[in-house]
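Below are two complexes that have chain A in common, paired first with chain B and then with chain C.
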Partner chain A sequence: MQSNKETGIHLNPVKLQVFLVLLLLGVSVAALMAGQLRIHPYEVVRILLSGIFPIEKTWSPTLESVLFDVRLPRLLAGLLVGAGLSVSGAAFQGLFRNPLVSPHILGVSAGAGLGAALAILFFGKIFMVQLFSFLFGLLAVLMTYSLSRVYRTTPVLMLVLSGMIVGALFSAATSLLKYIADPVNQMPSIVFWMLGSLNNASNKDMIIAGPVMLAGITVLLLIRWRINLLAMGEEEARSLGIDTGRIRAVIIVCATIIAASAVSISGIIGWIGLVIPHIGRILVGPDNKKLLPVATLIGAIYLVVVDTIARTAIESEIPIGILTAIVGAPIFAYLLRKNRSGW
Partner chain B sequence: MNSRTTVNFIVTIVFIFTILAGQAVAKSPAVRTISDMTGRQITVPDPLTRVALFGGPTGQIAYILGARNQLCAVTSTLRGSDLVLAFDPSIQKLPAPRSTSGHVNIEELLLADPQLVIAGTFDGTIVEKKTRIPVAYTESNMNHGLDLLKREMRFYADVFQKQARAEKYIAYLEKTISFIKSRTKDIPQSERKTLFNGYGPNHLVTLGGDTFMHERIEIAGCIDTAAAVNSAGVKEGLHSGLIEISMEKALGWNPDILVIDSGDPNEVYKDPKWKSIKAVQNKKVYKQPVGVFIWDRPTAEAAVLHPLWLAKTAYPERFKDVNLVKEVQRFYREIMGFNLTRDLAEAVLAGKLGIRFVGNSGRK
Partner chain C sequence: MQNGLRIEGLSFSYSGNLADAVFRGVDLFVEPGSVFCLLGPNGTGKSTLLKCISGLLHPGQGRVLVHGNDISLLRAADVAKELGYVPQSQMSAFPFLVEDIVVMGRAPHLNIFASPSARDIRIARDSMETVGIVALAKRPCTTLSGGEWQLTLIARALAQGPRIMVLDEPTSHLDMGNQMKILRVVQGLAERGLAIIMASHFPDHAFLLASEVAILNHGHIVQQGSPDKVITDDNMRDTYGVDTKVLYIGEGVDRKACFPSLRNRLQPSKD
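Showing the complex of A and B:
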């Protein structure tokens, strides 16, 4: 895909990536310092270092727990979910050759929503909610994928249509569950979950879901140049001797695993997977080789920043799904106005 | 026409009208005027024998006032309550036209043929818009303190004409509250236990300091950790005063007592995220009781029993003479006419009873 010099900013990708990595580090350190509980930054550094070096513990176990059991897993979850949703969004937008596509296009969030609602209704335990949302997210995409194969000539279009069908089915089932759920406790739980939050992220989640998401992100980054080939179009790619079906399957598997893991940790966080790739495109152009790493970094930075706002701005938590849109929409509108990005 | 015929004519007319008016009065059923909780005057048939209740937690007044036979429609929460079903299985035969706030099945309501609907603002306006059934509005919100509860009880008593029963309940309530206060008022501030209600599967959803819960926690002599959080903004509907706080805030509050409503305390004891709080270290995590309805709501039963449970749980040494099982049995027997067995009373206190929503919908 040739880059159009007249649109976008097209920064030097290497310099930009170095800058983004530094920004990511800065944002992460700031996120560890900030919180509802005021802990002196010097104390934060000492507690964190005590995890590695033998430092005399002069602080209360509560502070240690706040840092190691709350802020650290929450930071990691923010980084991974933000990076994962953005990179899979970018990969999907390349795969479907459509700028309106997000990682949720194949029904993963609708499936995860139903799984979570079922688990809230019948078990009421966090672990079951996570497990069910993950499994149902996978199930929904599996259904989409099988359904799309009944009509083989236009696989990309069929995938999108099947995703809509499966998504509608699962969303309707979720609405039904909300309707019959106990309106006093269960329904608010389902609604809170749907709004998305990193409040439940724990070290255990990170140990289980972290490697899975990292693997998915890594694979997508490694095959990013192949996505360019898909973006040329089915016919052209095939004429170059490329097995488009296999690349498509790999992208779908990776993006689905990432999105399902993300949803199981954080609930449904929309907007990021849709918009961060566009912001990346404004900065480095539409070439997926440059775009995917940049989108990964921006996604991670963005979600950590927004989550820090979500947990510190007021006395209670602000559902992050609301904030990602409220903070992100004006930024996106401004960038769109300023630079018409090439697509 | 001379004056005589005129007088005759007038007398005749007056006579005819008097007869007609007399007949009209005899034919139209007796009515009386009640004023609802928002101060509106409503004319209702007298006696009222078919009343539809829409409000969530208020269904229990049917038993508290002994007005069960005057109901023709109730809420699904009442119909699904394990405790109610144990003593009044016939409740399942009543329709529940209002499923959740904003969802009223008008046909089901018309079929129930109520003379009066008692509802909150949102549901009430729906009924008024679509039917001719008179609506009495309740005033229910999440900063529903004891004063509002008493006012509510007297309003219902007025509707069902059960003033004596309402006063009996109010006396029971006041006696219990002043008993608890007499035992907790002299606890020095430094020795008061801090208490956090951690609801929902993640134990982070709570009721803020501006809700009725604050009053209950203070009556029990405890310190409300969520005092600075406001959550009563939403009067009715989905969130019903609940709000989610961040994990580190809960850790920072470091409560002496944690009350949960999902899962069981053993899970919290095992969860590494909660290990640093005092409630976990001292094994003071408790599951909240459930009676006719869950106790973290501004209901009549919870207003009496919840503070007592909280107080005994927090300060067992000050309430050695209080046997919670017996108190639960006594309340339901004297006020609601339910004779709970020991096992059932223990199940109430252990939070083992439920409100079954799934499977209880529809008329049976």
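Showing the complex of A and C:
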């Protein structure tokens, strides 16, 4: 159709979702088998199933340990962080009526960065780093939200500007900490943490953060049609009988919890929350009813693929924050040039 | 219970202090099946009044009654089921398809977790049919012309299933052909029994389809009544500050029309 050329491809969303789910399964198995110790895909499936069904163990305990204690939590972290950042990015883009918005716009990553730097400086334990980055991420968004409250409403522009102010403040404090940190150990730790990595993801993290992130993702997916209404603007949404203040608060709470959890597990991974929703929009159009599930799946697939590359491509691990952009930018550039997406 | 839209003693100020009210003491009634045309110079608060009527702004004084029910006592979604508001709206930032936008009108009928059902989609399609934009259903809204966009918004308001429709200058920025297209649609809605209140820049539009006209100026309804009674040489001059002749045109036109003049003081003002 003529019009489809102008605004993306508008694939059949059901078929696309089935394809993406299958791709997700394939990618997950591939991620579990790849690494220094290669595991045969058949073996991967058998070991996984042995967790549920009684299957005779014909494999070494090392293999099982690598799979269950190292690769599986890392895979789950990749899936959740990728899915979570994508879906909250898409929700924020609708909420702010701006396709250039990422989940970090309200200062969550700047806050998390400061929290992580503080914890590295004063505690040095990975658990404290995760806890502090989560709490400071929430704190930053809370500050942004209260700063933007005027006359019991929160105009979108005020939110964005408040996010910039809070973000600047927290980033400056982080820079100060880097400046006073011990340059041999602490400073590199802070810098590497900020580049992002799924290396620290453990089963314990997944048990704590997994349900929280899943809940946030689920709520965003459930209210996804309402995000369309918000994208039409505050007043129009209200004239359609929508309580815009409440639904906006729900979106911000969900996206913030997701982003803060993601950052606490994996450090700051940019690009995904900004670009995956665009790729989704090119594929199925801007209707959030179709877009959000597709963006969730693509985000999960994408981060697992990139993380697998990050840990297997060279001897040491490549920081994933760098790789998401290096891998993603050309894909995005290609799609953008091939299909004008209409904005 | 009285059907239609009744406004009683409505006053509004942005500051909350009625001393600097945008308008005060507005009374009007819009009957089902009729078009009420709100005239007035730019910046007198026509849009503000319509937003108060639609529940988007809260009046400092007075009541808005939808079929006899005070809207300040109703939930926003319940107001939206009875009253469709067609804003002066810019195009969306996202290239939503026309059908996706029209189906948004079903929002007041759906709970927070729901997406439009097949029935909602059918109602949206009926609205598009009524307004005559079925052919645009799959078009991204960013590719629409001004007139097509306006019709899309009217279809969305219609999908709400309202018995009252509030339109804020639906013909602004449109060429003559598109203006008439919109007015024809509005007239068609009135014929289906909707009570319609519409702000307009063009007094002629009132002659075309309105059964009642009000002029809002200096914060008051200064004139109200049938178009013949309200749209007169004097009233037009006092409202818009230009000399205007209101003449009856026969010759297949068969209505009155306004003829503004570039000259000032064609006739001496009364005061």
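Here is the rule we go by: the second predicted complex is superposed on the first by the 320 of 343 C-alpha atoms of A that agree within 3 Å, B and C clash if a C-alpha of one lies under 4 Å from a C-alpha of the other, contacts with A are read in each partner's own complex, and residues count from 1 in each chain.
In this section, a residue touches a chain if its C-beta (ideal position, glycine included) is under 8 Å from a C-beta of that chain, and two chains touch if they have at least 3 such contacts.
This one's a predicted model, so the numbers in the text were calculated from it and none came from an experiment.
Trainee: Following superposition onto chain A, is the placement of chain B relative to chain C best described as a clash or a fit?
Mentor: They fit: once the shared chain is superposed, the two partners occupy separate space.
Trainee: Which partner does A:242 contact after superposing on A: first (chain B), second (chain C), both, neither?
Mentor: The second partner, chain C, only.
Trainee: With chain A as the corner point, what is the angle to chain B and chain C based on their C-alpha centres after superposing, as a multiple of 10 degrees?
Mentor: 140
Trainee: Given the touch rule stated above, what does A:69 touch, chain B (first), chain C (second), both, or neither?
Mentor: first
Trainee: Have a look at where A:286 lands relative to chain B and chain C in the superposition and call it first, second, both or neither.
Mentor: second
Trainee: Does chain B (first) or chain C (second) touch A:225, or do both, or does neither?
Mentor: So A:225 only meets chain C here.
Trainee: Could you state the shortest Cα distance, in Å, between chain B and chain C after the structures are superposed?
Mentor: When the complexes share the chain A frame, the smallest chain B-chain C C-alpha distance is 40 Å.
Trainee: Which chain A residues qualify as touching chain C in the complex?
Mentor: For chain A paired with chain C, touching residues are 1, 3, 6-7, 94, 97-99, 222-226, 228-229, 231-233, 235-236, 238-243, 247, 281, 285-287, 289, 341-343.
Trainee: In their complex, what parts of chain C are in touch with chain A?
Mentor: Against chain A, chain C makes touches at 51, 54-56, 75-81, 85, 87, 89, 92-97, 100-101, 104-105, 107-108, 110, 112-116, 138-140, 142-143, 160.
Trainee: Which stretch or stretches of chain B touch chain A in the complex?
Mentor: Touching chain A: residues 56, 77, 99-101, 103, 199-202, 204-205, 208, 228-231, 238-240, 242-249, 251-252, 254, 261-263, 267, 271-273, 275-277, 294, 297, 355, 357-358, 361 of chain B.
Trainee: Mind listing the chain A positions that touch chain B in their complex?
Mentor: Touch list, chain A to chain B: 35-37, 61-62, 64-66, 69-71, 74, 120-121, 124-126, 129, 179-189, 191-192, 197, 199-200, 202-204, 311, 315-317, 319.
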